[in-house]
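What follows is a set of structures for review.
Each of the next two complexes has chain A plus one more chain, namely chain B in the first and chain C in the second.
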Partner chain A sequence: MASITRASVSMPSLSTSVNQSQRRISGMNSVSFPVSGRSMIPSLRLQRGLQVCCACQAKQETVDKVVAIVKKQLALPADAAVNGESKFAALGADSLDTVEIVMGLEEEFDITVEEESAQSITTVQEAADMIEKLVEK
Partner chain B sequence: MLSFLRRSYLNFSFMNPQYCCLSRNFSAALPPLLPVQLPSRMETHLWYVVPDEVKSAPLLSKYMELLPQSERDHVLGFRGDQLQKSALLARTLVRTTIARYQVDGHLDPRSLRFKRNIHGKPEVEWETKDGFCPPPLQFNISHTSSLVACGVTINSLIGIDVEEKRRRTKNNILAFAKRYFTAHEVEHLNAIPDSELQQQEFIKLWTLKEAYVKALGKGFSSSPFNTFTIRASSGIAVETLDSPQNLTNNWQFALLELMGSHYVAICLERQETGGAGKTLPIKLTARKTIPFVEDELVSGTNAVVTIGGSVTQF
Partner chain C sequence: MASTSVSRPQILSLYRSILRTARQFTDYNIRQYSRRRAVDGFRQNGGLTDPSSISAAFSDGESQLQVVKRQAVVYSLYAPEVRSVMETYLAGKRS
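This part shows the complex of A and B:
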C-alpha cells in the first residue's frame, strides 16, 4: 500500500498513459518519469509532506504485479501480506522459486534479466526497481 | 534474557503444547552430543534432520538457545511456523554437527562462529589461539521444508543440494530449461517422453547444478546455469562451456535418493585419483539425527540409495 508520503493521486491526463503498457512511459516526451521516484515534477507537488509522483504510481502497479507473481509461485493465499519490503527468502522462496519468479517477471514485463541482476534482487521492491530500469531501456 | 527466550519460544506457534508432557524433559541441560571423528581426507559425512520428526517444543526452544542473537533474529524473520522451524533446524544442524568433531576440544555448538567468504559462502571462523591450527573443515547445508542436510569434508570443497522428488515447477520444464540450462541438457530432458520421469530428471539436474555452484562457492552469478553442462550418462561430470573439450576433472558428484522421497546432490572437489587419472569413488557416511536426542547411521541401508556417481557407503 502507498505510504502517506507517496500517495498516488489520479491525474486524468497522465494516468491514462501510465495505465497503458509500461513501455510507453519512456516514450513520453512531455513529462519525465524519474527512475528513482524520489524527484518530482514540480507542478504535481500538492503540499509539503504529500509528495505525488507519477513514477510512484507506475511503481505501485509494478510492485503489485511482482507481488502477484510471487504469491502465485509460492502458493501464498491471496490475502497474504506481501509488500515491497517483503523478502523472497523470508516468504519461503528457495533458489528454484527465485529463478521461477524471475522467469515469471521476464514473461510479464517482456524483459531479460541477467544472472548478476537476478542474484541481487532479494525483495519485491528490488524486483520492481530492476524491472523499471529494464523496461526503460 | 530469559524473558526474551520466552518470547521467542511463544513465537513458535508450531510448538504444540501437548507435546510438552509427552516428550522428554528438556528443562534440564541438554545431554551431550555424540562426538564423532573428523572425516578422513577421502570421506564425506552427510548429516540430516527430518523436520516432521522434531516435534518437541522444549527441544526446539533449546535449539533456539544455541544460536546467537543474529541467527535467532534471522530464524524469526521467516514467515510462518514451518519456515521458521526448518530455518532453526538448519542452523542447529550446522552448529551441532561441527561441534561433534570436537575441534580443539570444543564440544559446545554455542561457541562456534561463522563468517562468509568474499562471495558470501558461509565458513567457520575458528578462534585464533596460539598453537591452534584449525582443521581444513569444509561444510555446506541445504534445506527444504521437509529435509535439512549438512555435508562435511576435510579439505575438499563441498556443495550439497536437497530437493523433494515430487517438486513441481510452476513453469513448463522445457521452457524453463531452454531459458536457464544448456542446449545439451535441454536435449536430454526433451528426449524423455514420460512427463513424470522428465520432472524427476529435471529435479536431479537442478540439484546437481546447484551443488556444483555451491561447491565453487563464488555465487550464482559467477557460474550461470547455462555456462556449464552436467552430463550424467555414465557417471556424472561437469563440462564448462568455455572449455568444452575438457570435462572439468576437478569435481566429482554423487546423487542420492534419501528415504525414497528426496534427491540429494553432492559435489566435491576431487582430492586424489586412483593413479592414471582414475577416479576413486566417494566414501560416504550418512547419519540421520535429531541433535541431542538420537543419531542413526543410515549409510548402506535403503534410506540412502546411490542413483548417480561413484559412491561407496560406509
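This part shows the complex of A and C:
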C-alpha cells in the first residue's frame, strides 16, 4: 500500500524500476512503500538532485565521502583499499580515532549522532547507513 | 569522583563532549587549540593502566570540559566584529 505524504501529485505512472533518470516531482515530499524488509523496494525521495534511488544501500557518494574522511583521519595513503566492509579497527583505528572519525562525519554532513549510535559504529558501511538515515530526517 | 574505576565508554563520552563543545567556538584559534589539546591529552594518557591514575586523568578531563564550556560562553560574549581571516577562508571554502 503506497502512501503519498503530499497531495496533488501528477505523475503518469509509478514505475518501480531502479536507476531512473531525473523526474520532475513538484509538490511531493516522499512516496513510501512500507513492506517488511526494505531491500529491492525503491523509494522515491526528494533529494538534492531529484534522483530516484534504491533505499536498500547507502549511496555510493556517501560511502566515498566516509572513506575519504577515514583515510584523512588515519593518515592512510590515497590508494589504500578501503571499502564499505572495512572495519575501523582493521584499518588501525583505536577507539579515540573512531570518536574523531564520527566527529568528522558530523561536521561533513551537518548531522548530530547520538551517543549510543556513535558507539556502535564499527564499519564504513554502518557509518554511511547511519548518515543516510540522519540526513533523511 | 567515582570510587569505582572509570570505564572506557565514559572516557569516550567525555572525549566526545570536549570535542563537541570545542566546535562551538567561533574563533578559529581557540577552537583549533582546544581540539588539538584534547586529542593530544587523551592520546598521551591512553596507555595508563593504573586505576587511580586513570581516574585522576579522567577527573582532570572533566574539569577541563567545564573550562571549555565556560570559555565558549565567554568567547561568544566578547566576539570581535572583525572575524579572523581563517573564518572567512573556511566559510568560503565550504560554500
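FYI, the second predicted complex is superposed on the first by the 79 of 137 C-alpha atoms of A that agree within 3 Å, B and C clash if a C-alpha of one lies under 4 Å from a C-alpha of the other, contacts with A are read in each partner's own complex, and residues count from 1 in each chain.
In this text, contacts are C-beta pairs under 8 Å (C-beta built on N, C-alpha and C of every residue); 3 or more make two chains touch, one makes a residue touch a chain.
Worth saying up front: this structure is predicted, and the values here are computed from it rather than measured.
After superposition onto chain A, the partners chain B and chain C occupy overlapping space and clash.
In the superposition on chain A, A:95 makes contact with both chain B and chain C.
Of the two partner chains placed around the shared chain by superposition, chain B is the only one that A:73 touches, whereas chain C remains out of contact. With both structures placed on the common chain, the touch criterion links A:115 to chain B and to chain C. Of the two partner chains, neither chain B nor chain C is touched by A:62. When chain A is checked against chain B and against chain C, the one touching more of its residues turns out to be B.
In the superposition on chain A, A:123 makes contact with neither chain B nor chain C.
Overlay on chain A, chain B versus chain C, candidates 55-63, 253-261 or 271-279: the clashing stretch is 253-261.
Counting contacts as defined above, chain A residues 94-96, 99-100, 103, 115, 118-119 meet chain B in one complex and chain C in the other.
Within the complex formed with chain A, the residues of chain C that make contact are 8-9, 12-13, 15-16, 19-20, 23, 39, 42-43, 46.
Residues 72-73, 87, 89-92, 94-96, 99-100, 103-104, 106, 115-116, 118-119 of chain A touch chain B in their complex. Residue ranges of chain B in contact with chain A, taken from their complex: 77-80, 82-83, 144-145, 163, 167, 169-171, 176, 179-180, 206, 210, 219-221, 224-225. Listing the residues of chain A that touch chain C in their complex gives 94-96, 99-100, 102-103, 107, 115, 118-119.
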